[in-house]
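Two complexes come next, and they have one chain in common, subunit A, joined by subunit B in the first and subunit C in the second.
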Partner chain A sequence: MDQIETGSGSVLREYGSEQNLLSKPDGSATFLQGDTSVLAGVYGPAEVKVNKEIYDRATLEVVVQPKVGMSSVRERAREQCVRETCEAVLLSTLHPRSSLTLILQVVHDDGSLLSCCLNAACMALMDAGLPMGRLFCGVTCAIDSDSQIITDPTAQQERESRALMTFAIDSKERNVLMSSTKGSFSVKELQQCIALSQKASEKIFQFYRDSVKRRYSKIL
Partner chain B sequence: MFIYLFQRLDGRQTYDYRNIRITFGTDYGCCTVSLGKTRVLAQVSCELVPPKDSRPTEGIVFFNLELSPMASPAFQPNRQSELLVTLNRQLERCLRNSKCIDTESLCVVSGEKVWQIRVDVHVLNHDGNLMDAASIAAISALSHFRRPDVAIQGRDITIFSPEERDPVALSIYHMPICVSFAFFQQGTYLLVDPCEKEEQVTDGLLVIAMNKHREICSIQSSGGIMLLKDQVLRCSKIASVKVSEITDLINKALENDKRVRKEGGRFGFAESMPKERITALKRDEAPVEMTVYPFNFVLLSCCMNLCVRIPVSSPVIVATGTGQLGEGVQSTWGLEEEDEEDECQGEMDKEEKKKKKAEKDEVMVISDSEEEEVVVLNPEAPYVFSLFSEYSYQ
Partner chain C sequence: MEAVYSCFREKLGQVILPGDVFCFDVSAVEGSAVRAERVICGPGLRRNGDEILVYKSGILRHKAPNLYWIDSQQKRYVPVKGESVIGIVTAKSGDIFKVDVGGSEQASLSYLAFEGATKRNRPNVQVGDLVYAQFTIANKDMEPELVCIDSCGRANGMGVFGADGLLFKVSLGLVRRLLAPQSEIVKDLEKIFPFEMVVGLNGRVWVKAKTVQQTLIVANLLESCENMTTQQRQVLFRRVAEGSL
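Presenting the complex of A and B:
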């Protein structure tokens, strides 16, 4: 049994979400982690352009829109991370020759942006009622200069860290669906961060369950 | 049909606006406006840039409105539609041409550095009347925005961070707000603040940008309907009433936000999220327990042991951004000319080698063509070789 010395950094900031807040998209959700806020909208299953259609599954398109300026390579990288995660969980073979569009708008970035995008995406997909094999959530860990591991870092903590990693964890077996890292770290630190993210993901999955229970409390 | 009966789909009267809700974010210059179900996000940012040549003492204000694909399935990313161009142009005319922002105060060093204020407006949900919502969001965000304070000493500019000195508000003379009127049946019926369904059946649209001092900043009529003079005057009277109501609302929201920030309370979008809805839920800070699942460690460490260890010297980091692997080995790049000739074409005899060396000091004429002019740069050289004619492989 190994204990990680995480100190006071291993807290998840205050988080919250609101679903179905936009009338036009089929599913929408906003997810807040501390001051970081991302708004997600989903359209689908809808008609797909002939040049993008896949004969046996749905085509997923992810768009990340920054708040200021045009979208650049950074947004494309985030789109790729979110798309790979969603394609791993969505049962896209139930909707062949259809398109699923997921749009993420960054409302405020105060650190842990990619994990906030993943969480907002999952809640929006749930709101849209798209069939998924499992749920997913995103957790960000940062390793600061004292080799302390901080979960859900703020922008200030991210800037001062020597390594930053984001993991997408699935709900069934707590597997890692996607990982995106920056900086240098040892193998042991990576393992510790993954284990810590898996532990933190439990809180987020419980939050998903509570949100859905609350939402359908008048019906059930 | 409904218009004949003077009834609207959502039960409003002819001159009624939908509910307007303005919320500000954590950083200065960020604002979300909900006009009924239409939702718009605006963000103001600033940057020091060289000024335009034609106006060296004025700052630059740049507007960018984007129709997010989230707002409607008809909006595709990176597609210039007519609606987008119309909205952008109208927003520019309303805010830039009305000179509501004092651009002279944005000048730092005349002719060299001025502030460029950039307003990005994102349309998040399209339920009609994007123009009004965008103009309210833009002017609220501009009024909320604070730029960093600067100190000028001769030619040196010092920009203070928000922690060092409080940021400074922009100087805004007045708040122009657009009011949209939708016309039906060749101008017989008119509606204020059309929703999306009403917009789709409208004959023409009249947008009046006005401020609360009853000054008209811009009028735009589209759709090709013919309007009578008294119709336009009537619309402007209605607009002045609506604009003064909306301006009061914006000022109240700004005051609220200022008060909360001063008192040290919580502000930002996190606080403005409605807590009493069943579609919304919030959780407080939660610590993550520190014990670790042991089997994850074992699985991963087994994988690491199976890897073959290749002996590699560890890199030496001399300074940030550099790395050095190995030390003191002679560079094997960039071989000498003799070495190069030794390796290739062993059948060349010594005479040819000497010729080749001499050649390299002379001018090489590549082409045999007699039409080209031959320019000899070293006139004292005894001969000039043509590369292709001399070499023959034996």
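Presenting the complex of A and C:
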């Protein structure tokens, strides 16, 4: 498998995406990072249940469906991470009293699942044409026992790591929108990981642009 | 207008993504030449302080003198005042009909908003009927409202649909291409055989040809136009016209 060099040591696995592949949802996308693959579907702005209605903005609901079995606490934690990132970029005040639903189906998990979920979510939201102030992407970093930082780790690398962190990076100022960390690390290591993620995000945003261009190529 | 146009020029007809911004370089214009200029931001663009923010992905379009918008392929409809849509009547309650237009909320349609309707003479509309109507009220904070008459009280092509025909959904981008004046797709399709077509801006298309078979052919051709280039479409239409379907 080809690896994509982003400079200064951060390496992402090969990634790919397809938009508008499902017929029923208003927006859909798949995102692959190496062997990790997530399918996302977006419905909305649609009718909202009275008890979930917010009078000045849209209600966003995120559902993460695991590959097998029922969704558990782990999926709930992922849902919350994705939901808070999406809420930060969506201009939800433009569609008050409506519901936005984002469904993320895990197709295969080979590490960096949360970042793959974030990337699939962003592509699907773009496909649905929902108003967004900026884009976001997810990057996962692992610190192994030799204090080496690995970006976009596989499941094997995640298991052997000392610390694991995922950041959502925005496309305008390259700021951190969300972070999820596990394990122990120093402040310096955290800053190094953020810097590496910001560097890697450039590649992903360029990839977003290229894949949207490809999608619109037939009607240009 | 030049200063405004120059900042959009290089991106016209190109794909842009949410988060892109357009800034006006006022310093390039000489001090005395600075005049108030208006820019109209269509769908996908909004003002954010001194710059213009893109909030949808799609192709940047321009219409002289100062109208800019983003042409995007979406599926979900958001009501806009003045647009004509195909709705499905879902309920009758008192003096209004509830109509599903594919938006986030059902639109209301007064029974008096039909040609020739009075309090005594109610229009014959049943639940499940299709109506072609226009939005008189459509904004994010209020329930959308439809009418089936124009400002002179004439039907002007709007109202309840007759029997037969087939309704199907396509993307909003395709609908806009169909409704464009001198639409290539409609011109090519007309050459195959005669048919009636109603296109609503909410992505619903209703077609009726002489036979059921022909209706289905037209519907399938329109649906397949979604992801075809002009050449591919012309090849397909030629094959159908020669009777290979």
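One rule holds for everything that comes next: the second predicted complex is superposed on the first by the 211 of 220 C-alpha atoms of A that agree within 3 Å, B and C clash if a C-alpha of one lies under 4 Å from a C-alpha of the other, contacts with A are read in each partner's own complex, and residues count from 1 in each chain.
Basically, a residue touches a chain if its C-beta (ideal position, glycine included) is under 8 Å from a C-beta of that chain, and two chains touch if they have at least 3 such contacts.
Only a predicted model underlies this, so the values are computations on that prediction, with no experimental measurement involved.
> Under the superposition described at the top, does placing subunit B and subunit C together on subunit A give a clash or a fit?
Fit - subunit B and subunit C, as placed by superposing on subunit A, sit side by side.
> Have a look at where A:G133 lands relative to subunit B and subunit C in the superposition and call it first, second, both or neither.
A:G133 contacts subunit C only, not subunit B.
> Is A:A46 touching anything from subunit B or subunit C once the two structures are fitted on A? First, second, both or neither.
both
> In the superposed arrangement, does A:C193 touch subunit B (first), subunit C (second), both or neither?
neither
> Just checking: does A:Y15 make contact with subunit B only, subunit C only, both, or neither of them? Give me first, second, both or neither.
A:Y15 sits against subunit B, while subunit C stays out of touch.
> Just to be sure I read the superposition right, which of the two partners does A:L118 touch: subunit B = first, subunit C = second, or both, or neither?
Touch status of A:L118: no partner.
> Looking only at contacts as defined up top, I'd like to know whether subunit B or subunit C touches more of subunit A.
B
> Touching A:I143 in the superposition: subunit B (first), subunit C (second), both, neither?
It touches nothing on subunit B or subunit C.
> With subunit A's C-alpha centre as vertex, what's the angle to subunit B and subunit C, nearest 10 degrees?
One gets 100 degrees for this angle.
> Please work out whether A:V64 is in contact with subunit B alone, subunit C alone, both, or neither, and reply first, second, both or neither.
neither
> Is A:D110 touching the first partner subunit B, the second partner subunit C, both, or neither of them?
In the superposition, A:D110 touches subunit B alone.
> Check the residue A:I169 against both partner chains and state whether it touches subunit B (first), subunit C (second), both, or neither.
A:I169 contacts neither subunit B nor subunit C.
> After the two structures are laid over each other on chain A, how near do the C-alpha atoms of subunit B and subunit C get, in Å?
6
> Using the superposition on A, tell me which residues of subunit A are in contact with subunit B and, in the other complex, with subunit C.
20, 25, 46, 215, 218
> Note which residues of subunit B are touching subunit A in the complex, please.
Its residues touching subunit A are 25-27, 30, 32, 37, 39, 41, 43, 45, 66, 68-73, 77, 118, 120, 122, 124-127, 268-270, 273-274, 277-294, 296-297, 300-301, 304.
> In the complex formed with subunit C, which residues of subunit A make contact?
20, 25-27, 44-48, 89, 91, 94-99, 126-129, 131-135, 170-172, 208-209, 212-213, 215-216, 218-220
> Under the stated contact criterion, what part of subunit C meets subunit A in this complex?
Against subunit A, subunit C makes touches at 13, 15, 17-19, 53, 55-59, 72-76, 78, 103-106, 140-141, 173, 177, 227-229.
> Write out the stretch or stretches of subunit A touching subunit B in their complex.
Touching subunit B from subunit A are residues 1-6, 10-25, 28, 30, 32, 34-35, 37, 39, 41, 43, 46, 63, 65, 67-69, 101, 103, 105, 107-108, 110, 151, 187, 191-192, 194-196, 198-200, 203, 207, 210-211, 214-215, 217-218.
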